[in-house]
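There's a structure below that I have some questions on.
Labels run A, B, C, D, E and F following the written order; every chain starts at residue 1.
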Amino acid sequence: MKKVSNITEVIKLLDENGIRSDGRRLDEMRKIKIEVGVLKNADGSAYIEMGNNKIIVGVYGPKEVRPKHLAIPYKSLIRCRYEMMPFSVSDRKSPSPSRREIELSKAIREALEPAIFTEEFPRTMIEIFIEVLEADGGTRTASINAASVALADAGIPLRDLVTAIAIGKIDGKLALDINGIEDQYGDGDMPIAMMPQLGYVTLFQADGIFTSEEIEKAFEMAKKAIWNIYEIQKKALKSKYLQIVKEVDINE
Amino acid sequence: MKKVSNITEVIKLLDENGIRSDGRRLDEMRKIKIEVGVLKNADGSAYIEMGNNKIIVGVYGPKEVRPKHLAIPYKSLIRCRYEMMPFSVSDRKSPSPSRREIELSKAIREALEPAIFTEEFPRTMIEIFIEVLEADGGTRTASINAASVALADAGIPLRDLVTAIAIGKIDGKLALDINGIEDQYGDGDMPIAMMPQLGYVTLFQADGIFTSEEIEKAFEMAKKAIWNIYEIQKKALKSKYLQIVKEVDINE
Amino acid sequence: MKKVSNITEVIKLLDENGIRSDGRRLDEMRKIKIEVGVLKNADGSAYIEMGNNKIIVGVYGPKEVRPKHLAIPYKSLIRCRYEMMPFSVSDRKSPSPSRREIELSKAIREALEPAIFTEEFPRTMIEIFIEVLEADGGTRTASINAASVALADAGIPLRDLVTAIAIGKIDGKLALDINGIEDQYGDGDMPIAMMPQLGYVTLFQADGIFTSEEIEKAFEMAKKAIWNIYEIQKKALKSKYLQIVKEVDINE
Amino acid sequence: MSDKYQVISILKKDAILQLLKKNERIDGRGLEDFREIEIFTNIYNKAEGSARVHLGDTKVVAGVKASIGIPFPDTPNVGVQVVNAELIPLASPLFEAGPPGEEDIELSRVVDRGIRSSEMIDNKKLALIPGKKVWMIFIDIYPLDYHGNLMDAFGLAAVSALLTGNLYETEINEDDIILKENKIPIPINHVPIFVTIGKIQNKLIVDPTFEEEMVLDAKITYTIDENNNICGIQKSGTAGFTIDELIMARDIAIEVAAKIRKYLPLKKG
Amino acid sequence: MSDKYQVISILKKDAILQLLKKNERIDGRGLEDFREIEIFTNIYNKAEGSARVHLGDTKVVAGVKASIGIPFPDTPNVGVQVVNAELIPLASPLFEAGPPGEEDIELSRVVDRGIRSSEMIDNKKLALIPGKKVWMIFIDIYPLDYHGNLMDAFGLAAVSALLTGNLYETEINEDDIILKENKIPIPINHVPIFVTIGKIQNKLIVDPTFEEEMVLDAKITYTIDENNNICGIQKSGTAGFTIDELIMARDIAIEVAAKIRKYLPLKKG
Amino acid sequence: MSDKYQVISILKKDAILQLLKKNERIDGRGLEDFREIEIFTNIYNKAEGSARVHLGDTKVVAGVKASIGIPFPDTPNVGVQVVNAELIPLASPLFEAGPPGEEDIELSRVVDRGIRSSEMIDNKKLALIPGKKVWMIFIDIYPLDYHGNLMDAFGLAAVSALLTGNLYETEINEDDIILKENKIPIPINHVPIFVTIGKIQNKLIVDPTFEEEMVLDAKITYTIDENNNICGIQKSGTAGFTIDELIMARDIAIEVAAKIRKYLPLKKG
């Protein structure tokens, strides 16, 4: 439960020096931490902290499709379930899936599927389970960053990782990686996911109002940030691999 | 949303000359307009305006039964779904099916099924979808009038068309084809559907209080109206057929 | 609907002579009446009155499992549905299953299954339907008493009957077979089910606070009562059997 | 219940049809005879009213619960009536657990309309503070053993439970309702009886058993009040009736209702 | 709709792809042409506003209902807007009855966001007693005949129904709202247009038909207001776009939106 | 989870049983040893309290949310406590998405009763305006990785999140509650520990792993407070216990609870 501030008080998202309420510059990202292989049952998994967002993702598959009649003869069926835990937000969320969660599950699935060689595993399914433990603006992009790492961790062949960031608009200016307050009181939100190496945008949404020029500028800001996150994703994957190598060393 | 009238005001459904609030005599029907073949995807379709009621019906089938285990070895399975759109009534109706809609779906299905040669299409199903766009008393009878035309339009062999009308009771008198206000403030409602040529009554319901004599008189009133509507149904079907013939002419 | 008593009034569950509000001693059970074979459709059935509790149980099976994929290759699937009728309690219960009913359905099923030779009927299912018509504390134990008799009536081979009673705690003292008021205003409730001949406890639950000693004492109290109820169960079964024998005599 | 048609054997079906041609029924009844009726009332003490009805082997229960609630905005001065019926699997292998299906809903709505149209409950007496607080009367009906003609058994159970039911006397203290010790009967104006007549080929039969229902072409239920007025009609089934059949059925229903009425428990108060 | 992929023949699929290579479409349209548009408004009289939209063979309806309700605690001074869309089986053999699935929900949420972000409805004028009573505006959208591009048709229907809708004038009497005889237009600020562009291989096409949707790799919907600002974006489908494609699609969308805008019914009041 | 029985191989099952005969377990533990426990608290900042508990490989989270609501009419002077647990498919291929099943519900109800019976939360301190406004405490529990004995892990997570949780201080202004800047600990009276003991043939084992659960005959959970009183019991599984076994299990549970209690986070305030 959040304390409701005096509503007559104006929320100031940007100070006279162009510094945001959490101290960041407009083009500054929040801290990101990714851990790989955090779950034992899941075939692949990852945990991400992106600012205050805390999200865990598990991937199962490729596995048998149930019920069977949903199997697709020429590719793997991708399923994705994005869920916010009831305690992840200011006012407790009911545990049953909200319309927002259902829409985001589809958008995230369609952000990830372009990266998966689905045609290599016909008649199977790959399941992606995303649980938001704490939410603070940008959970869908953080989820995508963790999920593509979890897919890689599951050994599922990928064309590229999928990397995502949101561009927001606060006090009329574009701002990278907006947080919860900026999302709530700002003027717009534009999440973008890309396969950085291949140059494809696989998630692209917006609400709020953007001019044509702002969209182009937003792509520029996003691309830069996405390359940074991409490195963090790869490092996270590598560190798990290195750890395994070390364990093998020790055991020898 | 309807403006709530002053509730102390008495609703007068019949004036001193026996004229109803919408200007009709007790034995006078509202205007009916039927169009056939209004939808392209449906195998058969019809649109009806009966007074202010506006209803569209689509028929699919005979087609494969899903799930398969519901198939009936010796006849076609008839399915019927009667739905009021949320904006079709004064106070917005929730989009999920109400108990009233579920009951009427059954009653309408059992009004139509006697006319269908179901035994000619074993292990198949015929689906009848009824959407009420605007409701003003008598939607179930208007739905039946449109649905039997839509079944014919789908080329499904019928023993006869099914034709329906409601008899109401207002200010203690039987009234043909009652509208919404008459239904709400009147003393009773008795919808009747028949296969006119064959003389079978396939829907018969009532609420309110009727004497034995009133039931017999109601049948007389209904029969007359039903023959009139029957002609309108046939004309609607014929006009589509003629149109097709004309189109063929043109194309030759 | 129950009249709400003046809430400042203290509920006295035990008088100065150790007599309970319904006149019983602490170790005194309520009256039990069991009738066997009360339903014709069910393969086995029983009706129990245990104090004011009135419960009817029907058993179907062993029968084909639906849907088929739930069948267990080496034993019978036991299903159990415990339901309180909306009018069985002070404030009308909604007809949809409550979380309490779902939990008790599981607990009762797991109290009965140990007594059933499930391995004799692989790939079948046995269904136990429990309907509470009037509830007054101890419905789960009364349900078990009736259900094990209904299973026997269905001719399902049992290792032993299952017999149940609840021990409660009122005014700090253990009390046998607590009723609704004692359950509501008392300090604890500990339902116990046993297969008396075999000495196995198949249901054991508690809420409230009990010391280690109280648990041992509760077992002693329960065992005694369970042997009494066991005799009533057997008599009920025998009386139906005798009745059948008599009917046969008469028919000869 | 979509595969009801597979439930009885062709031999039994033939037997029923052959007998009917001779105006006989498989259980020996005449075409217009109903099965033995037993009614037990006020049997469940947590309910404001209750009834168990046996109609031959068909056994059903109904319970009435009352609570104080808010009236509907368009009827501020009358109580609220809710009827709910559920075909529970206890009563038949054909019934499945789960939310009410179209058959459950039709049954409860026909009972509801019959009670409402006959003005059985004196609804205006259920308004406690007009526009603000009214009695809400819930009538829940369940089958225990299903052997045909739930419609009439459900109607009889609901009516019997209402007839013998009680409400707390109330006292109004500004906007609060105080329930007093004393109980008074549910205010009753009229008593509807539900009579279902089945059509098999061109025969009309009263109170069909389960096996007869399996071969019925269609059914018609008339609800009849004590003045022989019709206060409810519901046709069901996949065939039609001629108008003559419907008028004949109405006359049979009026006669049968008068006979069933004698089994009713005494009205309270 | 998971087996949409089986719905059209491989021959038709090939034909579509072959034509597209020559920048042609199976129905003869140019890549950036939309189908014929017809809009009928205020056609259902129980609704505060209504519209039927034909986009080629695709036919949809939208209805607006208003009622007085309580505002959300965090926005006490603005009205409530609810958009609901359901893919009913009347409109296509691919749609199934039942609660809305992810496709229905996505469609209604994109329409909702477009109306909200463009500030189409002057929400502040819907507050009747700030913090206590506001107008709630429900927009329900249904397909009647589905032949592709429900997104744009749904958006156009919702917008047309709002543009031509009416609310009762109100009078405030302490804490009660009195509805007066007179009706006034729903207060409108801006008008968003929804334009969906499909990507097949490396071609961008406007207003895809059902058959084109079956071979699309991905779709992008831009919502455009009358100042050519973007007030909503939604990418869907199992492939990606290059940034250049997205910018090109944006430019096409702005042009197309301007053309579609001419079909809009006249704003009331 | 109905086909759990197919999940582990017969070889593994045999291995477990053979070892148990020698009072050994497949992971090397003694019969009454629990797995390694790790507890992390106050880790999710939107929650009033939170905990992540590792019990060997089993990982679960619990979060506490508080909001101001209306008390139940029959307990006007105490706060409201709601416990919810859901077996999400993230944690195991055996769990399915969808509304809670009987296993989820049993787990949450046993945790709920243990907290309630032990009077862990000082419920009376949660009444803000008696009869009108109280704190509602929601405890939501989820598995992340399921490797046996969710019961004890869920209990430990719920208790740890409550122990370290905080509520806003409140001020009462007539009928309104004002939340102040300051936060105070959730008022705690007692601390229950949940100990589940499995029975395999005639052996009793503490803290069963997933593989052991697959061969268990039955389970018994005792909830133990800091005075070694029993404040909750739940038997589950398809076999029975002798009374001697149940008493032995109780003694083991009391001993184990005392050991687990040392892992608890420090109580706030």
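Simple rule for what comes next: a residue touches a chain if its C-beta (ideal position, glycine included) is under 8 Å from a C-beta of that chain, and two chains touch if they have at least 3 such contacts.
What you see is a predicted model; the values in this text were computed from it and never measured.
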Between chain D and chain F, the fewest steps along chains that touch one another:
2
Chains touching both chain B and chain D, listed by label
none
Mind listing the chains that sit against chain E and also against chain F?
A
Chain whose Cα centroid lies at the greatest distance from that of chain F
B
Centre-to-centre on C-alpha atoms, which chain is most distant from chain E?
C
Look at interface B-D and say which pair in A-F, C-D or A-E is its repeat, using the rule that over half of the contact pairs are identical by residue number.
A-E
Just the number, please: Cα centre separation of chain A and chain C in whole Å.
52
So what's the Cα centroid distance for chain C and chain F, whole Å?
27
Mean-CA-position distance for chain E and chain B (Å):
31
Distance from the CA centroid of chain B to that of chain F, rounded to the nearest Å?
57
For chain D, jot down the residues that touch at least 2 other chains.
100
Could you say which residues in chain C touch two or more other chains, in rising order?
4
Which chains make up the ring, in order, starting at chain A and heading to chain E first?
A, E, B, D, C, F
Sites on chain E touched by chain B in the complex:
43-48, 50, 57, 59, 61, 63-68, 84, 86, 88-93, 97, 99-100, 138, 140, 142, 144-147, 168, 179, 181
Which residues of chain D touch chain B once you look at their complex with the stated criterion?
2, 5, 73-74, 76, 100, 102-103, 105-106, 108-109, 113, 116-118, 218, 220, 225, 228-243, 246-247, 250-251, 254
Note: in the complex, chain C contacts chain D through residues 1, 3-4, 39-42, 52, 54, 56, 58, 60, 63, 81, 83, 85-92, 95-96, 127, 129, 131, 133-136
Residue numbers of chain B touching chain D in their complex, please.
4, 7, 70, 72, 77, 99-100, 102-103, 105-107, 110, 113-114, 188, 190, 194-195, 198-212, 215-216, 219, 223
